[in-house]
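The data blocks that follow each hold one structure.
Each of the two complexes below includes chain A, the first together with chain B, the second together with chain C.
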Partner chain A sequence: MKPYISIALKNIYNNKGRTIVTILLSSLSTAILVFITAFMDGEHKIMLKNAVELYPGYIQITNKDFRDNPSFDNLIENSTSLVEKVKENDNVSSTSQRFETFVLFSSDTKSVGAMIVGIEPENEKINSKLEQSLLKGKYLENKDKNFLYIGNELAKKLKIKVGDTISFVGTGADYSFCADNLIIKGIFQTGLFEFDSTSSFVNKKYFDEVFVSENLSTHIIIKPKDIDNAQFLSDEISKILPKELDSQSWKEFMKTLVEAMELDGIFGYITVGIFFIVIFFVILIYTLLSVYSRIKEIGILRAIGTKKREIFSMLLFESVVLSFISILIGGIIGAFLAYYFNINPIELGAEFEEQFKQYGLASTALPTDFNVFNILRDMLIMFILCVGSTLYPIVKVNSFKPVEAINHV
Partner chain B sequence: MYKLIIKSAFASLMKRKVRTFLVIFMIASSLWGLLLMQGIYDGMTQQMINNAIRSDSSQLSIFAKNFRSQKDISLYIKSSKQIEEFLINEPNVKSFISRIVTSGLVATAKYSKNTSIYGIDVKDETTHASLDGYIKQGEFNFGKKNRGAIIGFQLAKKLKVGIGKKIILSAQNIDNQVASISLKVTGIIKTNNMALDEGGIFINKERAKIFLGLKSVNQISIMLNDYSKVDMLKAKLKTTFNDIEVFDWGELYPALLQTEQIMKSFSYISYIIVFFTATIGIFGVVLVSVLERLREFGVLRAIGTKFKIIVAMVFFESFFIGIVGLFLGSLIGGGTLYYFSLYGLDLSNFSDALDEFGMDAITYAVIKLEYFITAFIAVFSATFLSILVPLRVLKKSKPIEVING
Partner chain C sequence: MSRYILLILGTTVFLWATSANEIIKKVEDNLNGKSLDMKISMIVHTKRTKRTMKLQSLSIGKTKSFMKVLYPKKDKGITFLKIENTMWQYVPKIERVIKIPASMMLQSWMGSDFTNDDLVRESSISDDYFQKLIFQNNDIYTIELLPKDESTVVWGKVIMNISKKYYLPVKVDYFDEDGELIRILYYKDIKKYGERFYPSYWEMLPQTKEKEGRKTIMTVQSAIFDKEIKSSYFTKRALKRYSK
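== the complex of A and B ==
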């Protein structure tokens, strides 16, 4: 072992105050960084996952002009045969056709405008959370006729309950006038006020008869076998679509939500950054104190012929060892927390509910994101920060001449 | 005597310039970060709250009993005349407006969507909370014949309508019949109040009354001279009129109130974590500085200097660093906040995401006196805590031993 290495190790051992403070602070900040990253990523992932799986789905096929102009001029034609074609792709797990439109519902006492969607009840069980959101009554079935599955808030507005009959008026796919009576089969509650107060669903088979929309859809929803693969699959599907149609993954059609999560992440890191400024200074101060307390010793080492480079290596080695131990301890603690709360999600409690709903999240349980790559990245960042904060004192003490150092008071 | 204390402490600080400046920088930079965070986050929440207050809830809103839960047009405020008279004579009321609120369906030739319809008086709304300031396109009026409509910008986008385009509004009237009117879009509004931007349509109040067959209004909203006395007015209104419900903005927008509270505790927690760490930094410096001068202090005590004076020296030393750091941090932090309060923090790159959550693209920072008070308390506590152990070490040391040692 080179002599300066053994001196460095001795210094670490003898200078306990500095060693403890440095290791404590650096490992704590590493643990915090690893955990906060896991928490924020987990929060964003679950928010996006919930928002995507609730109703929009991972991949949507629509007419290219439908998003800008959701009129009946921009529908998916021959949607059934198109679905068959899409299913030929091995990465497709399931599909579901939808026809969305707005109608005016009238109960005995109230009239309210709302969205009505013709859905394939069985397929929709896999592609959305509609069935799981059932509150009262029953979910729809593929053989259902004029049965309505309606949001709880909308039901409240219309003052109706399961078993009641309401009527609607709307426009058919051929722009004809259409109206019928519907029996309330089930009431659902997703927890998202906006959705629960504006949405209702009927079996598409029945819907097609009334709205003259057979073999027509506004959306085809696709669930990929591997959800992380949605963008790739969406691009693949785009290739086999007729030119007037378009396939988009959730990352495209929910761009604003993805962006909002990014923005939230930026603010989160800025906040953590402020904490790191202080940590940086504290480690810097402690290294400075430790190095200065040994300035005479360093002066003597220099006087007996130790080179500047060797002193530098010795002090840097101390800092590297301390930083490495710290990030290892911190990384393990952080990773453990990230893993633990990944399996046992953090329950934030009812007081956060309103805020969560604002972000389209119906549940307040947050699993952290356990991602080895992120953990290693954060550990590396902390390592650079810890070693970096010791550079100034090391360079500064090395700039003294041996005699100056020995005589330093 | 004090001169000596100050002089000696100052000399000690200057002797170890690098350390002194490092601690000052540490305090200053952490304060800068904390102040900036607090001011910007407060600015963000304040803007969201202001948008909700100005565009919809005001500071206090009156509804007929059960209207909020049932949203039934037949639940209008029966005693609106008396309430208005009462409000005119109430000294804490700055201004008030009345609105007609109901839901309906808006349709163009090719598309229809559910909507919230607000019957308003443009003059009143302008003086009350300057709702006209939110106009994005067109004008804040309903045209000469009052056949115009001002619609939320997201709704306009969805409906693909611009200024001068025709829309059809349908809603249930007081007799439970569906009534429709045709209107021309005269203005497009962006309030950053999501519900309004995505689904709100403002029409002339008198026209709304005829359209819905109403003789009175559903909502009376009030701005106060002194918001701290809101509960008093609320209680007074409730005892004077028994067929109404009164809500302040926090009850109407619980998510915003929650955001405000969470932000507050969040910034206090940040202060505690950051200054706890800073305390460790200051502590190290003070401890070493005391240990290095044990002999000096031993001599002082041996010649009869009271321990109180030595405490004062150490305290002054650490307090001086704290005050300079506080001053510098407050100056830079306050300066940066002042800049952002004038020019704003431009997040237009994320404007779509911000629109989605009802936030403005440019955030103007807020500067409050309480920020600096919190900063002072934090710095003072940190410096105070950091000298406790060094002083104990000093107290335990025996003058003769340290002099000889």
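== the complex of A and C ==
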């Protein structure tokens, strides 16, 4: 063992006060960084997950032209046999067919234009959060006839409640005129105002009779077995589709939301960055002070013939050892917190509910994101930061002449 | 001398203008009659589907109009009424009268390529447009129609080709406000009904890209002109009463 290494270790061991303070400061910063990252990522993940699972689904099949021109000329034909074909893929967990269109609802007092969707009630239980969003009455069933499942805000606008009858007029898939009376079976609330005030659902079997949409749909929703695999599965499915159809994963058709989350993430990192600049200077000043207090000692070492380079190595080694211990402790604490709150989500309480709804979050529970790669990355950042912040004090103290250093007050 | 030329020129332009107006008035009279009781069959072609409807239309001049769907079964009994500038629709299945606002007049009528306006003839080509004769040969007049400022019509320009022999339209081009051709309506197969001639085959061809592959054909099954039509057809109560 080189002499400066043993001196460095002795220094660390003998100056317990200094060692403990340094380790405390650095490990606390590391733990905070690891946890904040986990919290931020967790928040974004849950927002996206909620938004995707609420209604849009992980993968959508539509006609290529439907997104730009949602007319009845751009439908999915033979959708039942297509679903069978899609299900042959082992990575598909479940599917559901939907037919979306807009109609004019009219109750005794009010007329409101809104979306009506023919859905497969049983399949939709798995592919969306419609059933869980039930507020009053009952969710739809596969054998239902003219029963309507309607958003709470839309129901309020139309001044109707469960059991009431409402009429609609609209256009069928063959462009014919459609009208019928519907009985309100259930009212749902997802918390998304936009969705709750414009959406309503009926059983697709009934829908097909009225809207002449047998074996036709506007969307086929696919839930992959592994949700992180959505993009890959979507590309796979695209290959077996007829050429006029297209499969997209949520990352493509919810691009704006994904981008908004990324932007939010960038702002988060800027905040974290400012926090780190502060930490950097705190460590720097603290190291500067602690090194200056040892200036006499360093002067003596120099006077008895220790080389500048050796002193530099000794001080740097001290810093590396201390930083390493710190990030290890901090990393473990941070990782533990991230893991703990991943399993037991943070409950922010009812007062945040309104704000959360704006972001499309139905619940106020936020699980953190436990990601080993991110934790290691944050630990590495902290290590570089801690060692880096000691470089200036070391170079500074080394620039003194031995006599100056010995006489330094 | 030049003053005389100007005067002569001026009078000709004036004469052309009046004659355009006269032609249009004559055409309108030929299309509407004093009264008209018609049975029509309509075939709507879309990219994927073909659908037939049958309806009866009763009208007095161009102000009052009543319509009833006879076929298919799904739509049977749906009635429409137009008095002056207001239009209503009655849907027996939901037992409801729906007022169709002016903003919906250019919407598709029962999913066809005809608009509500076409079917009930709300806007009048003689009152709502400036007419100008832009071309004529031995067989046809070509008249350009530009909307008057105060009128509520939505077409930016209409070009009408009119048969000189019958004073009936042959082909009508509809343009939007940007001058883009939106649709073409052909009137063909002129037949004699009673004392009057009337085109028995109407073909509407939308020209916009999003309506590719669509057309609607209307054929006149029977037409009785100028007979007495009960005034009870032209009341709001008629919507429900004559629905059966």
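One rule holds for everything that comes next: the second predicted complex is superposed on the first by the 389 of 409 C-alpha atoms of A that agree within 3 Å, B and C clash if a C-alpha of one lies under 4 Å from a C-alpha of the other, contacts with A are read in each partner's own complex, and residues count from 1 in each chain.
Operating definition for what follows: a contact is a pair of C-beta atoms (placed from the backbone, for glycine too) under 8 Å apart; a residue touches a chain by one contact, two chains touch by 3 or more.
Everything numeric here is computed off the predicted structure, so don't read it as measured data.
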item: Which partner, chain B or chain C, touches more chain A residues; value: B
item: Which superposed partner A:167 touches (first chain B, second chain C, both, neither); value: second
item: Which of chain B and chain C A:304 touches, first, second, both or neither; value: neither
item: First, second, both or neither for A:179, with chain B first and chain C second; value: second
item: Chain B versus chain C as contact partner of A:343, first or second or both or neither; value: neither
item: Partner chain in contact with A:106 - chain B first, chain C second, else both or neither; value: both
item: Partner chain in contact with A:69 - chain B first, chain C second, else both or neither; value: both
item: On chain A, positions contacted by chain B and by chain C; value: 69, 71-73, 106, 171
item: Interfacial residue positions of chain B with respect to chain A in the complex; value: 18-19, 22-23, 25-26, 29-30, 33-34, 37, 69-72, 103-106, 110-115, 158, 160, 170-172, 176, 178, 254-255, 258-259, 262, 270, 273-274, 277-278, 280-281, 284-285, 288, 347, 350, 352-357
item: Chain A residues touching chain C - in the complex, by the definition given at the top; value: 69, 71-73, 75, 77, 106, 167-169, 171-177, 179-181
item: Chain A partner contacts - residues on chain C that touch it in the complex; value: 44, 46-49, 51, 72, 74-75, 78, 91, 93-94, 96, 98, 108, 110-112, 210, 212-213
item: Contact footprint of chain B on chain A as seen in their complex; value: 17, 21, 25, 68-73, 102, 104, 106, 109-115, 156-157, 159, 171, 198, 255-257, 259-260, 262-263, 270-271, 273-275, 277-279, 281-282, 284-286, 288-289, 293, 351-352, 354-355, 357-359, 396
